Amino acid sequence: MAELGYTSNEIMTIAASRRLADGMVCFVGIGMPSAAANLARSLHAPEVVLIYESGTIGARPTVLPLSIGDGELAETADAVVSVPEIFRYWLQAGRVDVGFLGAAQIDKYGNINTTVIGGTYDSPQVRLPGAGGAPEIATASKETWIILKQNKRTFVEKLHFVTSAGHRPGAHGSAIRGRGPTVVITDLGVLTPDPETMEFTLSALHPGVTVEQARAATGWELKVALHLEITPEPTAAELAALRDLYARTEAAHGSASTEG
Amino acid sequence: MAEITTLRNAISSLVHDGSILAMEGFTHLIPFAAGHEVIRQGRKSLTLIRMTPDLIYDQMIGMGCASRLVFSWGGNPGVGSLHRFRDAIQNSWPAPLAIEEHSHADMAARYQAGASGLPFAVLRGYVGSDIPQYNASISSVTCPFTGEVLAATRALTPDVAIIHAQKADRKGNVLIQGITGIQKEAVLASKKAIVTVEEIVDHLDAPMNACVLPFWVVTYVCEVPGGAFPSYAHGYYSRDNSFCKAWDGIARDRATFMAWMHEHVLTTEDFAGFKRSLNREAEAQHG
Amino acid sequence: MAEITTLRNAISSLVHDGSILAMEGFTHLIPFAAGHEVIRQGRKSLTLIRMTPDLIYDQMIGMGCASRLVFSWGGNPGVGSLHRFRDAIQNSWPAPLAIEEHSHADMAARYQAGASGLPFAVLRGYVGSDIPQYNASISSVTCPFTGEVLAATRALTPDVAIIHAQKADRKGNVLIQGITGIQKEAVLASKKAIVTVEEIVDHLDAPMNACVLPFWVVTYVCEVPGGAFPSYAHGYYSRDNSFCKAWDGIARDRATFMAWMHEHVLTTEDFAGFKRSLNREAEAQHG
Amino acid sequence: MAELGYTSNEIMTIAASRRLADGMVCFVGIGMPSAAANLARSLHAPEVVLIYESGTIGARPTVLPLSIGDGELAETADAVVSVPEIFRYWLQAGRVDVGFLGAAQIDKYGNINTTVIGGTYDSPQVRLPGAGGAPEIATASKETWIILKQNKRTFVEKLHFVTSAGHRPGAHGSAIRGRGPTVVITDLGVLTPDPETMEFTLSALHPGVTVEQARAATGWELKVALHLEITPEPTAAELAALRDLYARTEAAHGSASTEG
C-alpha cells in the first residue's frame, strides 16, 4: 500500500485509535493496543485512562513502552499498585471500559488462542507464550477490542485451544460481566459481531482493500455486513502523530516496539 | 531474621535439587544475578514458578535446571518467543519440562493466598477458557450467599522466593520502589526468601507508605549491584533492550546458546564477572 | 469522574434516607465534617457501616440517623464506652438500632471482596467464637483442594463511601498518607464516593507507590480543612485527645448530648461554624 | 500496696513485660498490652517487633499510643500497610509470635468476652465494644497472652458470650493454628493452663498477694499450681522505666492511656 502514503500497520493502528473516546478507561496490552491507545491520547483522547497490567493506572508515556512494565509507565502514572491489586480491585471489579488485546489466533466468535498450535497440549507443534492477563481482561472488561493482522494463520475456523473467551455460544455461563469482544481491527479492515449470531463479520475495509482480499485472508467463510464501510483515510495529523510516536520510541528504545 | 551474605552462600544454603523456587520481578527488578548463580551451582529438577518466565528462566530451562514450570506468560517482552522454553516444551530439550499454566490474575491470587495463609483463592476467572481442563490446581467454589460459581485456585507456597530490590538496610529491611509487581506476595508466600539488592545502606529512608519488607521475613540479603541486568532497577539503571533483542539470536540455536552460557556464565565467578565477560565480547566486536 | 463541590452539595446529592453508608478512617482521617453534614441534613434510617464506630457514629446514632449498624469495634479509643451507641442498643434510644457485628479481619475482608467484585471473601476466622451464630452474613466454605473448612463472609457494597484524606488535585485525584486503614477498599467497594480533603492543590506530588485514588473512582471531592477533627490528619494536625475525653461526659446523658448537638452542630452552618462554636464555648469557659 | 512502693497496675505491667523476649513479633492490643510491650522494648527487648492492627509493623513509639492508630506508630514503623493487609498477610499467615490482648471477661479456659454482658444478645444489659481484631488474634498467633484485672466481674465461671476463643474443649476444630492463650497476667498474679485440663491455674502471685485474695477475686474455683511462684519484685530500673514511659505519655497526650 505504499502508493497510499501509509502502511497497513499504520492504518490499522489509526483505525483502532479512533475508536477510543476521551475519558475511557482502557486496559492496554503491549504492542499494537498500546500504540493505538497512546496515539489516541496524543490526538483526540488526551484524558483516556491507560491501565497496564504491571500496576500502572493513568500512565502517560511519552514513548511507546517496550514492555507492560517500563519505568516510564510508573513515572507518569496517577497510581502504581501491585499486580494482585491491578487484577482484583481494578480489572475484576469491572472498572475497565475497554480491554484492548492482541492475539495470535482468533475464531469467528472472537475466541483467542495464545497457548498452543498443532499437536496436543502436552506436545504442541508451536508453544505460544500463554494466557498472561487475557482470560480475565476478555471477560471482566465492559467490552474487549482485539487487534491483529489478518491472514489464514491468524483467522481460523477452529482454534486449537481457547485461551480467552469470546462469544463462544453456551460456554460463558453467568460469570461473564461485559459485552465480550465488540470489534476486531486488522490490517485489512474492521470486523464486528453480527447482533444475532455473534459471528464476526466484515463491517469496514481499509482504503484500497477488497472484500476478496479480506475473504482470502480469513480461515472461515467471512460474512460481509449489509452496509460495508470504508475506513476514512488517515489524516496528515494522524500520520504525523503516529510516526512521531514511533520515532520518539525508536530514539528512546532503539525499537519501535510493535511486537510482543 | 535477615542475614547479609554473598549470593553464592545464599543460593547454596537454600536452593537444592528439587527445590520449589519462585523468582519474581514483573518486567522490573528481575533477579538475573540469582538465576545465574543457580545455574553456576548446577541445580537440577527444580520447580520454577514465575508469572512471566522470560530470559532468566529461558537460560535456566535451557541449562537443564528445571523439571517443572509454573507460569502465566512465557515470552521475551517486546521481542518475541523464548526459544529454550519452546524447545523444552516442544522437544524435551535438554530435559522434559512439565508445565502448569495459569492466567496472570490467577497466579497473583495464588501468591496472595499463600501470603495470607489460606489454602486457596477465589477469582472471577477462566470464563470460557480451556486452561482449567489442563490444570488440576484450578477448581471452583460456590458462593454460600449468592450461589454463584467462581474459580478457585490453589495457594502457592514455594520453598524459596528470590527477588531483586533497590535497597536494604544493615538489619535487612528491604525497600522496593516503582513497579512492585508480585514480589512482596512471593516473599510472604514462601518458606524462605533471598533478596538481592542494588545497595545496602545505613538508613532505608523509605517513604511512609512505601513497599518495605521487614527484615524478619527475609532469610538472606545479598548486595549485587546491577543484579537485575538486563532488566532494570528504577532509580538505578534502565533496561538493556539491545541485550533482550540479541538474546533472540543467541537462544535460537542450541549450540550457540550452550557456548554463550559456557563463556559468560559457567566460567565466570559471579555476576560482576559475567558482566565483564559481556563487555570484553562487546569491545572485541566493536573495537 | 470527580466533581469538586461543597460538602453540603455532595451529601445532599448522594446520601438519602435509607442509604447504606460506609464512613471509614481507622483511628486516622475520620470524616467528622461529613458526619456532621449528614446530621444537619436530618437523614434517617441509614445503614451505617464502619469498622470502628467511635465519636462520629455515636453522634449520628444519638441523633437518630441510623436504623442499622454494621461494625467490628464500637468504643471511644483510649477513653471508654460510646454512650449513645450503648443507649441505642440497650434501650432503643432514640430509635431501635439493628446491629450486625463482625471482627476486624472479617470487615476488612468484606471490603476487599466488594472492592474486588467478588460476592464473598474467605478467611481463617471466628474459630470457637459465638459471633457467627448471630450473623447471617458469616458462613463457611470448603477448600476444593484440601477439604479445609474456612469462614466465608458476604462482600460489602455500600451505596456511598465517605472518607477524609490529606490532598486532592484539581482533577480529583486523592492522596492518602500515613495510616491508610481501610479507606481505599471502602471507596472501591461502594457505588459512589465522597472524599473530603485538607486541601486541593495544583499538583498532588505523590510518592510513586503512595496510596492514590484516581479521580475517576471518586464522585465528589470537597475541601474541608480540619475535616477530620477531633481525629487527626497526618502532616496537618494531631488528634484532640481532650475532646475525645470530654465527649465521654457530653454523651453520657441524653439531654446534655442533645443540647450540645443542637448548639454546636444543628445550629451551625458547616464544619468551620462548628469549630467556631466550640472555640467560643472554650473561651467563655476559660476566659 | 502503697507500702510496696509500686501499684498493682505497675507490677502487672512489669510482670507482663518480662515475658517478652527480644526479637519476638508481638501483635499488640491498646492499653495494658501496649504498655507492657513498650516497657519491654525500653528494657530487655529493644528488638521486639510491635505490630498494631492499624497496619504499623515494627513501630517504636517514644510514648504510649492512645489508640492503635496514633501517628507516631506510623512515623516510627518499619512498614505501614493497609488494614486488610495487616490481617491477611501478617496475622492470618501465622507470622505473629504473641498476640497480646486485653479483655472485659474471661473464663477458666481463657475464652474472652468483649461483646455483651447480661440480658440477651439482642437486648443486653451491658453492650461492650465488640470483637475488634481479637477473634483472629486469639487463634492465628502462635500463642496469646491476656492481661486484665482480676475480680469476680472479670473472671467468671461462664461467659455470656464467647467473642474470642481460648481452650474451650471441642470448639476449635482444626483451624486454630497456634497454642491459644498460654498465660493470663493480672494485678494479683499469673495464671497458666494446666497441661492436661487446659484450665487456667494460679501459677504465680505478685508480692504480698495471698492465694485467698486470688480465689476471692475469681468467679470459678481457682486451682493453684503445685509450685506456686512469687513474682520477683519490680527492680528500680523497671519502675523508673515504666514511670518515665507514663510521664512522657502524660506530657504528650495529657493521658496515661492505660484503658480502652
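Each chain carries a letter (A, B, C and D) given by its place in the written order, and its residues are counted from 1.
Keep this in mind: a residue touches a chain if its C-beta (ideal position, glycine included) is under 8 Å from a C-beta of that chain, and two chains touch if they have at least 3 such contacts.
The structure displayed is predicted, hence computed values, not measured ones.
S.K.: Keeping to the contact definition above, tell me which chains border both chain C and chain D.
M.R.: Neighbours common to chain C and chain D are B.
S.K.: Comparing A-B against A-C, which pair counts more contacting C-beta pairs?
M.R.: A-B
S.K.: Please report how many Å separate the Cα centroid of chain B from that of chain D, as a whole number.
M.R.: Whole-Å distance between the two chain centres: 42.
S.K.: Where the CA atoms of chain A average out and where those of chain D average out, how many Å apart are those spots?
M.R.: Centre-to-centre distance between chain A and chain D: 57 Å.
S.K.: Distance-wise, how many Å sit between the C-alpha centres of chain A and chain B, to the nearest whole number?
M.R.: Measuring from centre to centre gives 28 Å for this pair.
S.K.: By the touch rule stated above, which residues of chain D touch at least two different other chains?
M.R.: In chain D, 74, 80, 88, 92, 140, 177 touch at least two other chains.
S.K.: Chain C: which residues touch two or more other chains?
M.R.: 112, 117-118, 123-124, 148, 150, 178, 180, 184-185, 208-211, 234
S.K.: So which chains end up touching which?
M.R.: The complete list of chain pairs in contact reads A-B, A-C, B-C, B-D, C-D.
S.K.: Touching residues of chain C toward chain A in the complex: what are they?
M.R.: 1, 112, 115-118, 173, 184-185, 188, 206, 208-210, 212-217
S.K.: Give every residue of chain A touching chain C within the complex, in rising order.
M.R.: Of all residues in chain A, those touching chain C are 23, 25, 49, 57-58, 74-75, 78-80, 88-89, 92-95, 140, 177.
S.K.: Please output the residues of chain C touching chain D within their complex, sorted ascending.
M.R.: 26-28, 51-52, 71-82, 85-86, 89-90, 101-105, 108-109, 111-112, 123-131, 134, 148-150, 178-182, 184-185, 211, 232, 234, 238-239, 241-242, 244-245
S.K.: In their shared complex, at which residues does chain A touch chain B?
M.R.: By the definition above, chain A touches chain B via 30-31, 53-56, 66-71, 73-74, 80, 82-84, 87-88, 91-92, 111, 115, 119, 121, 123-127, 129-136, 139-140, 161-166, 168, 171-177, 253-255, 257, 259-260.
S.K.: Of all residues in chain C, which touch chain B in the complex?
M.R.: Contacts found on chain C: 117-124, 137, 139-146, 148, 150, 152, 154, 177-178, 180, 207-211, 234.
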